[in-house]
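A single structure is presented below for examination.
By written order: A, B, C, D and E. Residues from 1 in each chain.
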Amino acid sequence: MSLWQYANPVKFLNLSGKVLPTLSVLTVICLVTGMYWGYFLTPDDYKQGSTVKIIYIHVPSALIAINAWFMMLVAALIWLIRRHHVSALAAKAASHVGVVMTLIALITGAFWGQPMWGTWWAWDPRLTSFLILFLFYLGYIALWSAIEDPDTAADLTSVLCIVGSVFAVLSRYAVNFWNQGLHQGATLSLDKEENISDVFYFPLLFCIAGFVLLFLVLTLVGTRAEIRNRRARALVAREKG
Amino acid sequence: MTLTVSNLSVARGSRILLEGVEFSLTSGQALILRGPNGLGKTTLLRTLAGLQKIETGQVSVAPETTVYAGHADGIKSTLTVRENLQFWAKVFGTRDIGPALAAFDLAELIDRPGGMLSAGQKRRLGLARLMVTGRSIWMLDEPTVSLDTHAVDQFATMIRRHIGQGGCAVMATHIDLGLGADAQVLDLSQFRATDPAPQSSDEAFL
Amino acid sequence: MTLTVSNLSVARGSRILLEGVEFSLTSGQALILRGPNGLGKTTLLRTLAGLQKIETGQVSVAPETTVYAGHADGIKSTLTVRENLQFWAKVFGTRDIGPALAAFDLAELIDRPGGMLSAGQKRRLGLARLMVTGRSIWMLDEPTVSLDTHAVDQFATMIRRHIGQGGCAVMATHIDLGLGADAQVLDLSQFRATDPAPQSSDEAFL
Amino acid sequence: MIALLIRDLRLALRAGGGFGLSLAFFLIVVVLVPFGVGPEMALLSKIAPGILWVGALLACLLSLDRIFALDFEDGSLDLLATAPLPLEGVVMIKAVAHWITTGLPLVIAAPFLGVLLGLPTQGYVWIVVSLALGTPALSVIGTFGGALTVGIKRGGLLLSLLVLPLYVPTLIFGAELARRGVLGMDTTTPILMLGGITCAVGALLPFASAAVLKINLR
Amino acid sequence: MIALLIRDLRLALRAGGGFGLSLAFFLIVVVLVPFGVGPEMALLSKIAPGILWVGALLACLLSLDRIFALDFEDGSLDLLATAPLPLEGVVMIKAVAHWITTGLPLVIAAPFLGVLLGLPTQGYVWIVVSLALGTPALSVIGTFGGALTVGIKRGGLLLSLLVLPLYVPTLIFGAELARRGVLGMDTTTPILMLGGITCAVGALLPFASAAVLKINLR
């Protein structure tokens, strides 16, 4: 049997129902460990003070925000090529998680920026392209909700997702170009990765793992809800006639 | 140049409306579809015209021989009657809009903008469009709405001439089209989906 | 509660269409207006309803007793049948939408959004609206368009009940409304403006 | 009347009803300006109050054609005009519904968007005050414009053209109020003027709108 | 195909067809900005290229919903879809007609409006070049957005929301090109990028638009 059999909504419901409890428990363990370790067992940074601890939410959520879009892109392709309903609905569910993660990354970033850069917001390329990603999410979700027929909505949002991805990459390049033109060298973004010491690194890993699991759990739950919705619709249609 | 429909189901808004629709039409035949409000006549015609998805079953017809005329006539209110008609003539690669104008007494309205036509005049223009398409299989949804008795006669004449020249037509209507015995009548009530099954895409969820 | 029209001219787009229209209607009467396409039936009804200017002549009627129903039914596609109807009931200060729903078999469609109705179902909802207005003089433009024969019967029943209760109705139509002898018929062709005079405001320039 | 208000709010909130979209448009205008003007915060924070006001005004403008055009197209407006409601009341209710679904969200969102443009801290309260005072006038004036253009198919752009000059005084005093507030200057005159415009416009313009609507329906 | 182009141009030029209105909107945005930002010429001339680009983009945006919505509402689109024209061709023609009636006037008007914002003399040619290179991309992308939202009543604002992030690269390179031109800096990269975007978008996006339109008409 191929993997595709799980693209059947009913099979998917059964399988995901089985894995969800385990996944949820794992999520809680990772998040609690990472957060507790990060917030209570690490020292304050010598330069940034305690604000550095925003990193435990900021970085994982930013990661998820971007990768959720990739997942949606893959799901869109699967829907357009193989027309598996689960993938269309999973894309929809992922977009809801993705937009929230984008928002969290933006907000935590803003709260971090205030003490570090003295401003809530700067038109740094990285921040800017994130804002554009947020707009893409908004448009995508608005399109889903504006169309009644679920198959049509799935088709249209899939095309939007693909076209949007191309443009998102293009904007990323454009934004880099645009900002360098004005801020020669004096970019605001921190030198990441290298600066980070192991003390912060390991709890961060746990947090990232926790957020990845959280994303999976929320997306699964969302997909299941969408499937149930469609099921209810189908049943109502059969009943009423 | 035939239209054959076999075991067709049509759906709207995730509900199957008609099931197992079967009929076939060849050159020189006209078919009138009847059935109560909300049965699915409009849906069926749109499906035949390729404007809606086929749920199950087959429609075998060459798409480049059909033309559809629905509730809306697609008349631009700022273009004149002539411009409206000529546009469609060009799109369908035909030349002469004269016969179409003559068939529906539109000659005197020729320079009037579409927005200044009365309901019946609009509909006459919409029907005249059929003649300039040069297509042979016509699909008409309530073609005589708003027409006065004289225009209904003109419509019947047009249809008779069309099928006389080897064309064919499928029409949905609630009222008498004045075609008498020239057209067969098909009551769609017999195809009403009995156990209204959900649409095929919803079925996957059951 | 009467409608008296004397020596009325109506115009559209700076052309007088009908001249010297005369009729009067009292409680319990129904009047059917007939005439070929483009004669001015819609224009006349809109003038009577106060939606268009009176050229010359008089229309004596209390505006708060009339209600107009034209080609468009004013149905909001995102509101359900119930919400659509209830809105008009509230606007006109009536309470109960039950009888109106019953008169046109709308009970089973009550939670369906307006945009998901078929042409005939929309029209039935449009007619049901008349009943919730509680107004007594109805002005209807081609009320039975798209209705199936059963719904036409329901419409005739509604009109009979309305005039039986002392209401009255003016209707423009090309087809049989199923009212038989309950309604008088007025052929508007006799009032066609003979020498299509320019509209009054243009006259100043002659 | 209440029924009409409820219906309009309900229509706005239903799928495709446009609620939140003018907010999104506001967001987008504010986001686009840095792309056009360049990313320097010093420059941006200088033009921030003005851009916020222009953005709010444009977002408001774009939703104006929904006020009457939808009702006109599906025939509801004819029916409303012959219903036992005074047309002035209908116009008033339409303006109120428009403000609730468009103006109010803009007022609430403005400070957040101010962050993007680097609005100085003391500016937030003034942006909110100036928009809260000014947007009702925008809705009422917009309703007038909607009534003027009601018979015209896709009159959206014509509507903008007609309404924009009428918006100028509100914009001038509104933006001036916000700018003065940001700079810590005296704000009495613009506050009084802005409040005066909103009151006067709210009291008088509905009559003009109703008159215009009557002419258009005839 | 030619017949369709002629029809669309004719429709746009007739009364109420919207020709000139997006131009007027452009004018008004440019006029409003000084009211919002304040009258200092030094500041205005600094933001002039950016404001001109943002104004042109908004004007373009506002006319997008006419591309398909009108044809959809009166049933023409159904008839066009069953006519012997490839849908890709229809989409292409629609974009061309939109550019001729909207983009081109904007390009021509921009230098005149530049005067109002105190654009430096050497900037005029660059504003024209950048808009001439960029607006075709705006029309094509806009057509895609129009095709996406065609079945949705008054989808105008949703359309804006969908299209605006897609406009960002064009806007950035366009405004950057104009700004660099004004400052006398090197313009090769933005010219190449802008031209590249326009060509790529013009060659590929119509297929996506046609696909989307097909889905929407089904």
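One rule holds for everything that comes next: a residue touches a chain if its C-beta (ideal position, glycine included) is under 8 Å from a C-beta of that chain, and two chains touch if they have at least 3 such contacts.
Only a predicted model underlies this, so the values are computations on that prediction, with no experimental measurement involved.
**Q** If I count C-beta pairs in contact for every pair of chains, which pair wins?
**A** D-E
**Q** Centre-to-centre on C-alpha atoms, which chain is most distant from chain E?
**A** Most distant chain from chain E: C.
**Q** Counting only Cα atoms for the centres, state how far chain C is from chain E in Å.
**A** Chain centroid spacing, chain C to chain E, equals 45 Å.
**Q** Can you compute the centre-to-centre distance for chain B and chain E, using the mean CA position of each chain? Integer Å is fine.
**A** From the centre of chain B to the centre of chain E is 37 Å.
**Q** With chain centres taken as the means of their Cα atoms, state the distance from chain A to chain C in Å.
**A** 56
**Q** What positions in chain D touch 2 or more of the other chains?
**A** Chain D, residues with two or more chain partners: 15-16, 21, 24, 28, 31, 35, 38, 153.
**Q** Among the residues of chain C, pick out those that touch two or more other chains and give their numbers.
**A** 71, 77
**Q** Please set out, as single numbers or ranges, the residues of chain A touching at least two other chains.
**A** 135, 138, 142, 146, 148, 178
**Q** Using the touch definition from the top, list the residues of chain B that touch chain A in their complex.
**A** Touching chain A from chain B are residues 13-15, 193, 195-199, 201-206.
**Q** For the complex, give me every residue of chain D touching chain A.
**A** Where chain D meets chain A, its residues are 15-16, 21, 24, 27-28, 31, 34-35, 38-41, 44, 115-116, 118.
**Q** Which residues of chain A touch chain B once you look at their complex with the stated criterion?
**A** 8-10, 85, 148-151, 227, 230-231, 233-235, 237-238, 240-241
**Q** Considering only the defined contacts, which chain A positions touch chain E in the complex?
**A** 132, 135-136, 138-139, 142-143, 146-147, 152, 155-156, 159-160, 162-164, 167-168, 170-171, 173-175, 177-178, 181
**Q** Which residues of chain A touch chain D in their complex?
**A** Of all residues in chain A, those touching chain D are 110, 119-124, 128, 131, 135, 138, 142, 145-146, 148, 178-179, 182-183.
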